[in-house]
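Working notes, beginning with the structure itself.
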Amino acid sequence: MYELLISFLTNTGYYFISQDFRYVLMILVGLLFLYLGIAKKYEPLLLVPIAFGIVVGNIPFFKGFGLGIYEANSVFHYLYFGVTTGLYPSIVFLGLGAMTDFSSLLAQPKLMLLGAAAQMGVFFTLLGALALDFLPKEAASIAIIGGADGPTSIFLTAKLAPHLIGPIAIAAYSYMALIPVIQPPIMRLLTTRQERRIRMDEPREVAKTERMIFPILGVLLCCLLAPTALPLLGMLFLGNILKESGVVERLAKTARSAIIDTATVFLGFCVGMSTQADVFLTEKSLLIFCLGALAFSLATASGVIFAKIMNLFLRKKINPLLGASGVSAVPGSAREVHLMGQHEDPGNYLLMHAMACNSSGVIGSAIAAGVLWSFMM
Amino acid sequence: MGFANIAANNGWSMAFLGISIVMTGLIVLSLAISQIHKLVAFWERRQAKAAQAPAPVVEPEIESPAPALSGQCPINLDELADLYQPLTEPLGAPFELKELYRVAGESDLPHPHITIRCFREAGLLTMESEGLFSWKR
Amino acid sequence: MYELLISFLTNTGYYFISQDFRYVLMILVGLLFLYLGIAKKYEPLLLVPIAFGIVVGNIPFFKGFGLGIYEANSVFHYLYFGVTTGLYPSIVFLGLGAMTDFSSLLAQPKLMLLGAAAQMGVFFTLLGALALDFLPKEAASIAIIGGADGPTSIFLTAKLAPHLIGPIAIAAYSYMALIPVIQPPIMRLLTTRQERRIRMDEPREVAKTERMIFPILGVLLCCLLAPTALPLLGMLFLGNILKESGVVERLAKTARSAIIDTATVFLGFCVGMSTQADVFLTEKSLLIFCLGALAFSLATASGVIFAKIMNLFLRKKINPLLGASGVSAVPGSAREVHLMGQHEDPGNYLLMHAMACNSSGVIGSAIAAGVLWSFMM
Amino acid sequence: MGFANIAANNGWSMAFLGISIVMTGLIVLSLAISQIHKLVAFWERRQAKAAQAPAPVVEPEIESPAPALSGQCPINLDELADLYQPLTEPLGAPFELKELYRVAGESDLPHPHITIRCFREAGLLTMESEGLFSWKR
Amino acid sequence: MYELLISFLTNTGYYFISQDFRYVLMILVGLLFLYLGIAKKYEPLLLVPIAFGIVVGNIPFFKGFGLGIYEANSVFHYLYFGVTTGLYPSIVFLGLGAMTDFSSLLAQPKLMLLGAAAQMGVFFTLLGALALDFLPKEAASIAIIGGADGPTSIFLTAKLAPHLIGPIAIAAYSYMALIPVIQPPIMRLLTTRQERRIRMDEPREVAKTERMIFPILGVLLCCLLAPTALPLLGMLFLGNILKESGVVERLAKTARSAIIDTATVFLGFCVGMSTQADVFLTEKSLLIFCLGALAFSLATASGVIFAKIMNLFLRKKINPLLGASGVSAVPGSAREVHLMGQHEDPGNYLLMHAMACNSSGVIGSAIAAGVLWSFMM
Amino acid sequence: MGFANIAANNGWSMAFLGISIVMTGLIVLSLAISQIHKLVAFWERRQAKAAQAPAPVVEPEIESPAPALSGQCPINLDELADLYQPLTEPLGAPFELKELYRVAGESDLPHPHITIRCFREAGLLTMESEGLFSWKR
């Protein structure tokens, strides 16, 4: 009896926590994220599953038992399989495609450049990470945080540096949730009041046929250039054609409800669980967090500055705030842009335009991920 | 560490080339989509012209693929109910299903069994109490 | 032609059945279960898929062809994978969490003890199974039948004694369906009419915040004590926080509809299929059925008796019938308790209280499963 | 067989310890949850106090995360419809969509194209017959 | 830089396309299919995902990178797993069962023979394929195209000749979409105007209990005869009993929405992707397409002729057009039969009867697939 | 190639046997289902006979498995609302929830807390403005 009791007690989470307080630290981080997601409503669809995953993943246990996410044959390991193979991110993109309306982008193709410009942040961060002695594959995975797309970051990291999925995913999602904190100062710093007050024209109405042709053109042009973007963009545009074709509405409906919700819950929860203190709390993770903040800031700045450069050549100026929403982070950054625009001029409606940049930012960072992947071949 | 490391890992090339490729990709795509509406307009003009030619044989309404998934119920349930409902007026409300079958048979309406089951599944016809039914439209 | 005909005929199910009548027996069992599920409405969500699985699984076929649930590379084997790995039970718990309202438990924390007391049946059965010469891991898997939780039983058996999944799952689900037959006599035997008439206070209203904190507290307190309960309780409380947080309603909705339904169909069907007569109809299976009935009865009795013991110390007495609903078997046992309460006194509403015990019984048997698993390490 | 077997497999210890652990677990949890409401009350008192302090800047209604998933439609569609519907009264019902665009443009309402498409997707505006629309609210 | 640029350029799809124009050809085929599915509304639920899959699957890329459907560890490979194992077809059958109403078949059991007769086309094509030097397993997979059931064809091919999944699936789905082109001339050729005008009796109403017993009887009688049909028919009838039992409506609803939609999207998309030009465009594929057309035509003819033979013995004649809908191809062929009936006599309602033949054709070709599989053992 | 190949691979036998088996299967099934309705009729006659015997004890409405999945709400919410709604009439509309609790308590209705929460979840009772509620039936 005594041995059994001792053996049980030394296998409780309480015992392991008493041996290694880092678990407590991570559980507190999880609780903080839960608070941000629930009380502050920062991107709750992402933060709630991740945060609860952090809590659950940091309840320590005896290794070698088939319990944890990193142990073969555990339930969590099988769920985590969808992360490490890149399946969940691809499936999320399918649902995203089935819920995204590209109309305002189609009405204003030039806004697509802002989604491209924001990806400069990715490549600047690549330099930074290389300079900090990260291996090239690690550096590329870190850089893609600047794309501000959770699934894209997870996908690329799963392919290039699977050991970093935890910190990179957490950094990506944290900064996406912290968009309201990160972006406004940069936007304000880089624009004049005059520029922030620029109003955009009402976009023209877009025909059904145009919306139907877009996913086909999109997948061909983007993926013939960067075939490595196929697992993301192929699925994104598949979802979009299900939506826009209008003849398979039941498939589109399932894609944008049951399918994406399921992938979202498991993706978030597993990513959260992957932050087990003993593998997560390393100096590298800290560096990744710093580089992630850098990536987000650089991406925001690149977008804004590029918009200002475009204005030098355009007769009809665009509001440079829109550049900030090129980072995607759907729809957080579009909201910030819109709010700042309205703050300067309550009659200024930037939301539609900003969401156009958002969706082009999704495409842009998927291409960037493909390009980085192919560079590391 | 630092710049040396970037250069050693081909960093500058990757960054420059990466930005260029992403830019190229989205510029090409944005040019392409800026042309779609012209294509669509051209297409529609052609179709409009074709429409002025004598119309081809009109296909019956059953062409729609909808019944594939909604089981074996007729599509135009509401129209059918328009046919059936008057028949039940003499019966008062609620009426017995048996009576509805009888009058439907007398009026020579096609497929009364299936149609009436469909009414019930679609909630157009609901059971008030044991064996007595009424319309719910 | 003749050889082909003979070869075909000797591969029909008719031929195999003529060789081994046990398949017919099992098919009849399947039909009986179907009858109970459909006509008698005994837990149809469980019984219908299981019963049809029993029928399908006992259509015999040539082994070595890649057809059956126990043959690698068959479709059914891949579906069965979700059973043997424990994935389906965990996913069912996710959905269960997203549909369970713990309010009445939160309003009356002392009822939680009844959910714990009923687990005594589990450990008494463990002794019984050991005494009958079962190996410890088998005995533990059999004992958990007393927890009256299908997914929990399947999960633990998949981890400890995968060769017994069929009989244990069938026993667990059969007795859950037979709750209206098993529990009432025991309840009546162990309580006086006076006790059965005890009315319970209306539970106080529970604030949204309390319901939100519960899943966090629950996962921490239960899983720090028994980390092996994580795959079940981690998912249960994840589902519950999706529901209670109120900010990710679309995820909660999918969890309690598409996700749990899918897992339920495949879990039930595969468990049914696993009862292939040639592996199922053994003396062991028969013993397991006897021990299962014992487990259920002991669990019911433990709950009732423990409630009576609690009453010795409580000023405001609780109705000891509630102890019977500590076995969980959601919501069958709660219904029985309520009906018996009303039978004695039509104004006695025990349903809410009984469901509180039910939900604590779910947690209790998940912990018991975790404890048993860790004992077998 | 029997008791010997139980003892040999450590059965008594497991049973006793098992029951104790499950009991401990649920007792601790039940004690904890019996305290939650005090915590909540304390928390709410603190918040109430904070609320008496001058209110922070009110965030505009767009703060809600809803638009993330409902595509690009404005949230306050119903309010917008309140603005649009009166404009169509002079047009009679049903009216042509083109006319609605025209009057919306004349009244300088923002984003008529997108707003009107959203009306149609939300079923607030429905097509009666080829090209003729009416409100459905 | 220069090397990196060259390396990137030689890995773009543009480069590979310039090396091998067959990809362009296949992309054009994909676009044609998209047009047929969207503009012509030919079976869009099948054609749209397949067609987009053809486009995506023929964007060429560097092999050995983990991108394509045929490369281990790629996202698409994992999705394709559901095709090669036969999982998707089985799951589609589950949903199909949950949405099919067998009432009109139950009211007119003799129509079931027409569903059997149409399978003759399968076996005639088997002879043809053998005569053209196909290996027996390949010939069987090709023959099943005549069953006019996409999932059944894919299932059997996955088991017998996985290297032919692409061409066989594409042939099966193409001809299903081309039903309005293939069937009418054959029907007209083989029937007199008088026969086409035969009216069918209104089917009697079918009791709930009958509909409930049918799936049980169906699975027993069909699968005891041909156990190899279990993965398809077991799931079909499982879905049907979920629907007809009336006590597990929530499971049936999920089966006929989220579950079948998800399987349909991934099945179609993956089958489309499997047509990568370099493995798809072979002489064999061309032959398979020819044999597929033959199979469809023979099946249609067999059904019609068999109906005429039945009429020799029946007092109450059946409309021989119904024989054509025995090929299943739900619901395309039923529509054609109905339209041709109405063309001759606007008061002739054949739809319900034709759908009875359709559903029996589904069962018939699943048995045929089972029989073929067992012959190849 | 050709017929030789068919024979060599046992083709004729397979084709003939295959057709025969499929035919056999569906003929047997069609015979079987043509008999089901007799079985059902027999069954129902037997049940009808049984029904003439004195009815067994009627089980209370809670027998339904519905509550399993709809959480812990009473099933007959609408009937309960019939009880509650009159109580609020003296309070006017909208009324405070606290008042509803008070009058429900005074009238000795069972489980007011849970019932009222269920009303709100079912949308029968909706919040008009901060803390003020009204019925929505």
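Some observations on this one:
To keep things simple, chains are lettered A, B, C, D, E and F as they appear, and every chain counts its residues starting from 1.
Convention: a residue touches a chain if its C-beta (ideal position, glycine included) is under 8 Å from a C-beta of that chain, and two chains touch if they have at least 3 such contacts.
Model, not experiment: these values are computed from the prediction.
Each step here moves to a touching chain, and the least such steps from chain D to chain E number 2. In summary, the chains found to touch both chain B and chain E are A.
Farthest chain from chain D, judged by C-alpha centroids: E. Counting C-beta pairs in contact across A-B and across C-F gives the higher total for A-B.
For this pair, chain A with chain F, the centres built from the Cα atoms lie 41 Å apart. Distance between chain B and chain D, defined via averaged C-alpha coordinates, is recorded as 27 Å.
Residue positions of chain A touching 2 or more other chains: 4, 8, 41, 44-45, 225-226, 247, 250, 257-258, 371, 375.
Within chain D, the positions touching two or more other chains are listed as 10, 12, 14, 16-17, 21, 65, 69.
Taken together, the chains touch in the following pairs: A-B, A-C, A-D, A-E, B-E, C-D, C-E, C-F, E-F. Interface of chain C with chain A (complex): residues 85-87, 90, 94, 159, 212, 215-216, 219-220, 223-228, 230-231, 234, 237-238, 241-242, 245-248, 250-251, 253-255, 257-259, 371, 374-375, 377. Per the touch definition, chain B reaches chain E in the complex via residues 10, 12-14, 16-17, 21, 59-60, 62-65, 67-69, 71-72, 74, 110-114, 117.
Here chain C touches chain D in the complex through residues 105-106, 109-110, 112-113, 115-117, 119-120, 122-124, 126-127, 130-133, 136, 139, 206-207, 209-210, 213-214, 217-218, 221-222, 225-226, 247, 250, 360, 363-364, 367-368, 371-372, 375, going by the rule given at the top. Note for the complex: chain C touches chain E at residues 4, 7-8, 11-14, 17, 27, 31, 34, 37-38, 41, 44-45, 48-49, 52-53, 55-56, 59-62, 65-67, 73-76, 78-79, 257-258, 261-262, 264-265, 269. Only residues 1, 4-5, 8, 41, 43-45, 99-101, 103-104, 202-205, 330-331, 335, 338-339, 342, 347, 349, 351-352, 355 of chain E touch chain B when the two sit together in their complex.
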